[in-house]
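Just so it is clear, A, B, C, D and E label the chains in written order, and each chain counts residues from 1 on its own.
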Amino acid sequence: MKRTGVFICHCGINIAGTVDVKKAAKELAKHKGVVHSEEYVYMCSDPGQNLIIDAIKEKKLDNVVIACCSPTLHETTFRNAAKSAGINTFQCEIANIREQCSWVHKDMNKATDKAIKITKSAVERVRRNESLEPISVPVTRRALVIGGGIAGIQSALDLANSGFEVVLVERSPSIGGHMIQLSETFPTLDCSQCILTPKMVEVSKHPKIKLMTYSEVQEVSGYVGNFKVKILKKPTYVDPDKCTLCDECSKVCPVLVSNEFDLGLTGRRAIYIPFPQAIPATYTLDIKGCPGLLPIACGKCADVCEPEAIDYDMKPEIVEEEVGAIIVTTGYDLYDKENMAEYGYGKYADVLDGLQFERLCSASGPTMGKILRPSDHKEPKEVVFIQCVGSRDPELHCAYCSKICCMYTAKHAMLYKHHVHDGQAYIFYIDIRSGGKGYEEFVQRAVEEDGVLYLRGKVSKIFEDKGKIKVWGVDTLSGKDIEIDADMVVLATAMRPSKGAEELAKKLKIAMDKDGFLSEAHPKLRPVESVTSGMFLAGAAQAPKDIPEAVAQASGAAAKAIAILSQDRLYHAPTVAKVNLNLCTGCGMCVEVCPYEALSLKDGKVEVNEVLCEGCGTCSATCLRAAIQVKNLTPLQVHEMISISLGG
Amino acid sequence: MKDNTYIPKLAKIIQIKEEVGGARPIKTFRTQFIQDNNFSFKCGQCAMLSVFGKGESMISISSTPLIKDYLQFSILKMGRVTSSLHEMQEGDIIGIRGPYGNGFPMEKWKGKNLIFIGGGIGLAPIWSVLHTALEKKEEYGDSMLIYGARTSKDIVFKQELAELRKKMKVHLSVDVEEPGWEEFIGFVPLNVLEIKPSPKNSVAVTCGPPIMIKFVIQNLKALGFEDEQIYTTVENKMKCGIGKCGRCNIGLHYVCKDGPVYSWAELKNLPQEY
Amino acid sequence: MAEEFEPKIVAFLCKWCSSAGSDLAGVSRMEYPPNVVPIQVMCSGSVSPLYVLSAFNKGADGVLVSGCHPGDCHYIKGNFYARRRIALVKRLLDFIGLEPQRFQMSWVSAAEGTKYTQIIKDFVQELKPLGPQTKLRRDL
Amino acid sequence: MVNLEDLKKEAKTVLEEGKVKYIIGYEKSANGLMPVPGFIKSPEEVEKLIWTPACVYNLTKFLVDEKRRKSREKKPDERPVGLVVKGCDSRALVVLLQEKFINRDDVFIIGVSCEETGVIDEKKLIKKLKGKKAEKIEFDEKDNFIVTTQEGKVKIAASEVLAERCLECKANSPVIYDVLLGEKAKRSVDNPFQSLEKIESLPERERWKFWKEQLSKCIRCYACRSVCPMCYCDECVADTINFAVTADTTAEEKAQKIKWLEKSPVKSENFVYHLVRAIHLAGRCIDCGECERVCPLDIPIRFLNKKLEKDAKELFDYEAGFDPEQPSLVSSFKDEDPEDFIR
Amino acid sequence: MEKVLDKKSFPQWVKKLSSYTVYAPVQEDEVWNYEVITNPEQVNLDFPNTVLSPKKIIFPQREVYLEFSASNEDGLEVKEVLPEEEPSVIFGVRPCDARALTLTDKVFGGDFEDIYYWKRRNQVALVGLACHTPPSPNCFCLSVDGSPFSKEGLDVLMSDLGSKYFVEAFSKKGEQLINPAKTLFKPPTEKDKKELDKNRTEAKKRISRQIQNIKKIPPKLKGMFDSSLWDEESMSCLRCGICTYLCPTCHCFDINDEIFSSSPLSGKRIRTWDNCQFPDFTMHSSGHNPRQGKASRLRQRIMHKFQYFVERYKNYQCTGCGRCISRCPVGIDIIEVLDKVSSYEG
């Protein structure tokens, strides 16, 4: 029979003042299997710990229970003491008789009685504990960043500058994300491209960063510290090393398609560079528009390419990478046009979304920074900006607030006024959310210095009438109906998780919230970690946010990743789930409830990934067959604890 | 009023010896009744041991009836009761009722050579009869023990076997090769063929795992032993020990009461329900 | 005078919220009746219905399962599963005629020492008039 | 109306084509009214098949046996087993599929629709016939059965002898099948939990009295467990020893089998057994009513399951046995699950 | 002793037996069972087969053997617990069920007498009720050496003669039952006797079910241990305990320690019914099970009743009550199985 030692701490008078520690020690000595029971004034003191260590050695104790304060305080202390006496750390359990007993009761007899029960219950538990060592896994000291927007760029640079290799995967031909499309940024109105391009260049030049644009993550397996990733590298048909950016190919290309970078405000050729500062600086042949890769079909671009950079035989390639941590920064897309037909979005050329307006304002944009109507290239004199288009509309659209629209609409109106001094800007809003450093002042400037007219209320109808866009709305402050003959309407459409994020989340086994944004592990305390250990989130993929927030979160995610990558091995608590294969029928109910994707079905039985398991035990309560249980808090242990708590 | 056979007599564990460690541990327990009683038994009989709160388990008595001071049981840790027994310490109290079963027909064996063939924990029932025969050497012919275990670590009664060598022929074996082992390597039935005990005026007593018994008997037959010359013991799940609870039967035989000792002549005609 | 009936309560407290909340009650030196023996579990989601039935079978006069508030679960969603499971057990026990006061569930956060104290006080007060729980108690 | 000849034809075809190993159906027994489960192995044997209002058994239970048998075979016959199922039985199949206990390919489902009627409660019929021994029972038009006794044929209103669960049926015709016999009619049921209300409406004290008396009768023959297609665990809480023992199982594991309840058939232990059974069937029971039918002591066990079925519907809008893809009741949740009972 | 008793006087007879605990069949819902009677008027002898036979009184499903607890001196105290001895009487015992007790007598007697069984057995008097009409459609007592008016095992047998009972006492115990109410009983007339004979002849005819060639079965079974019949016949078996728990002759049991507290130790050692149809019945703790699979368990039930028992005690361990047939959830019919045994070839 296992030999148990019980040590009851007086904690000065903190425990001994209410619990008759002598009586408790005497009662415990009678308990089955307890061969040593003593009390001492301060167990956590050196002499106290030595008492434990000596007793373990002298009485050949197999396990010990320390009845003292809450385990949050001294569990580690006593477990280390136990370890130094030569027994496993899990052969030491704490009975909390201070916070949960002596401090909350007055009646000495009853408190003593309760303390005895709590301690006996810990005895019953520790006697059935397995000796366990922390689970240790080696770490692949590289990271993967998915998404090359500002968040991805920031994470990648932080990681690389800390000395870790980074694989940065971007779906489109260039990094830069939406930020590179912006003209100026609030609240300082500095040029977006001016602040972003140096970072993009740094990425491309960084020896620790392996940049993979025009690539997509196909498959992720493994677990924290040891992910295996398969990345599909789509063919660009242009060898970037040879390409000299002479633009001859594009000139001869007969195909014209809508230019994504300008959100359809301009066109581009099938062979193109997304924008002049693109990183990597090279051309991409988009086969969707290309008449064919066979020279027979067209072949003009290859013909004119002097350095012979164009290679029609380029094939898709699967690249396998091993990484220890993954940061997901897949960003956002704007709410689809189809969803916003009521605002004439997609129907009238002069109804634009915010990003289109950014391009109009941008010096590198389709109008070279002049604000002109897409329909007739005239300068608009009356511009209506509408906020909360698709946001904060739980009935029809998205219930959440897209967070940045208040600010960028103010910016848009301001920029408009800076371009068109005699123009009038109207903003329909529900309310103004301008929390952030310098934000409120920025909005005030728009109103006071630039005379932007804020109208509180919703727009009821937008329609084209004699070359104007009629906007009907209500000013809810004055209660008056408003009708504006606008030249242009700019919609602050809702931010959505970027297209394909859902598919990717499934591959990564990262949970999504009800809106499709990636779920953080804890809304307050673990905002950059995903539920899956070793995977982190940053930027608008997790929730709508502005640039500084995205950058901050990206650096936070990088720091979290570094915390993993900076270690040779990862250690994980060994109190994880264990399957009894004889009983498991493979129903998969535990797999469904596991919050950590630590369980999976293999050959009709459940398998535990011990590195992912956090030991919560929800699987064990769900299993109908008692086929899965968490080590050191098994149903048997709980059963015995229940019995003893109730007196036998 | 007759004795209530279901009520065990309390006995104190006076000695515990660890025979085999590892995953399939075996310990030998010596027990003494707390109050004197007329517990007398025959070799090969069993007793129902109680660990109160856990239940009962039928265990063969491995000491000889000639020793009156204590009863000895060698127990393989297997289930709820035997695990609790293995947790017990000297001085702890268990319950004993019995003896049950038929025992070995030693009267019939007088004047014959006794060949004991055991495997693993199967030496326990043999141990009783072997020592009784040894004590009454004059009544029997030559005795011999052929015994094997998985590895040398799994051999029970190690010291006693060394002692025993001085008194009779002992042939040991281990199933698989291991450094330092100088005797036979291979399964017990093969060792039987190796040693070739003579069937002439002999009785073979074999106990051990069922698969071993099966091949030992096959090989004994090949050596010329008649069915009547081969004895073995049978194990089945038991509860009452007195042929009433109905679970240990092989055909119409209740192993607890009519067994556990059978000659092959008897056993081969019984259905294979063990 | 006969001694007042003191109900025996088993409380399954999740480690991260409810047990921490109970610790806070201690640190704040709040006072509540000593009728409850706490059993710390990792998550309220790990409390099997069997634990509850077993506690009643072994003579508990009351059983409490306490976890983190929805959305605060240390393990993200364990308490949601607990909520569903416990609701079913509670309905079933009610159906067979066990007094509904005997089986309770609560959300107690690590900051809610006061709430924990109050829950225990109320629980004990509600159980006292019911007397000992004999319906499901072992009658071997 | 299901034509028995059609059933035989279908059975014969799949057997002749070798599409199935054998067919589990209903077969006439030598003794009277009630059929027995039949295991039809050859086309010639299909003549034994019957379909009457006395075909009460939920034959999906035998898939559990089949699975175990197959797992023991060295070279198992991989063909599916043919299985005759009623609407309720088919829902059991759905749950077994949902729990991945069986594969869809392992069973060839011959669905029979109860149409607007159902199967009988043998006890009700015996009572109704007042001692006359029924020899045969047949479907008539939707509201009646024709019963043959020694004294000739009598017409009995179906509502008087239908099994309780048929009166509260949610699936008159199979929800999953390979071939379907009979029409996909749906008998409208106003309140599928009607029978439950008479207990629910009792005051707490009376409810306790009712269950105390009922469950104290239990002799723990475990017929309710044995007949239930969902009770396919290798090892049950109610068993005192481990069944799933292999060479690797240690003595400790065997010694540590938890005794959540004792073998004594006393009130307290019977309650643990029946409550655990009910909870284990929450969101899984499809109300085939077999547990109650087989109980030799006539304990109305079905109510326990029915209660949780009702709660699952009421609280979580969950119904078992219609969708093999849905996550099970206790391995799923909704944010808006009720929590008014939580302090 | 032969008497007649007016039916109206029957409650008065029961009333006279106030020193006895009286059991009689009681109906609850659709289920009849033997229960303790407090009101003699309550006794209703117009009943079909009870679900459980009087076995449940003499060999109760749960019997406490002993109590144990930790004690200071020897560390352990063990106390024998025996059933209390008080005279009791069971009314309305069917002849088949009484015969069944003569069979369990054999099991619980012999070399090791089972004190618990005999304590109860000895103090109970059995008042039988002859089966004028078979109480179950599956009665087949005639096939197994019984009859609807067998007196074996009974102390008293009552036979229904319309307005009165024909009462025969066969034992001292039986006479002691009649003595306190002597005045209620009249000697039977010739007419009564004639009617009794007539009834008995008719009663036999009313039993419709029978086993073919029962005599052939025990020797036949001897060679059928490895027959495939068991596989076929057990296909639909669910492994429940109905057939055996309800059987008046089945006597298998389990012994377990059931505890209130493990530290300090206190609990009881308890015998409960067990049965050969449960898979754990014969399973060794090693996991090996000599009767793996339900075919071997059906075989055990049949073999035990119609071969092993016959060989050991010269009786079938079956008295033809038909409970196992009527209550089998899947219609396994022991008569059919035995008929198949009779006609089995190969």
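The rule is short, and it goes like this: contacts are C-beta pairs under 8 Å (C-beta built on N, C-alpha and C of every residue); 3 or more make two chains touch, one makes a residue touch a chain.
Note that the structure is predicted; figures quoted are calculated from it, not measured.
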Out of curiosity, which chains are bumping into both subunit B and subunit C?
A, D, E
Max Cα-centre separation from subunit C goes to chain B
Quick one: point me to the chain whose Cα centre is farthest from that of subunit E.
A
Using mean CA coordinates as chain centres, what's the gap between subunit B and subunit D in Å?
49
So the centre of each chain is just the mean of its C-alpha atoms; given that, what is the distance between subunit A and subunit E in Å?
71
Two or more other chains are touched by the subunit D residues 237, 241, 245-246, 249, 251, 254, 260, 262, 264, 266, 330-332
In subunit B, residues with contacts to at least two other chains
78-80, 82
Note the residues in subunit C that touch 2 or more other chains, in rising order.
49-50, 54, 77, 81, 85, 138, 140
Pairwise touch list, complete, is A-B, A-C, A-D, A-E, B-D, B-E, C-D, C-E, D-E
In the complex of these two chains, what residues of subunit D are touching subunit C?
199-200, 204-212, 237, 260-262, 264, 266-269, 271-272, 275-276, 278-279, 282, 304, 307-308, 311-312, 315-316, 329-333, 335, 337-339, 341-343
Contacting residues of subunit B [partner subunit A, same complex]
87-89
Considering the complex alone, what residue numbers of subunit E touch subunit A?
259-266
Which of the residues in subunit A end up touching subunit B in this complex?
1-2
Give every residue of subunit D touching subunit B within the complex, in rising order.
241, 250-252, 254-255, 257
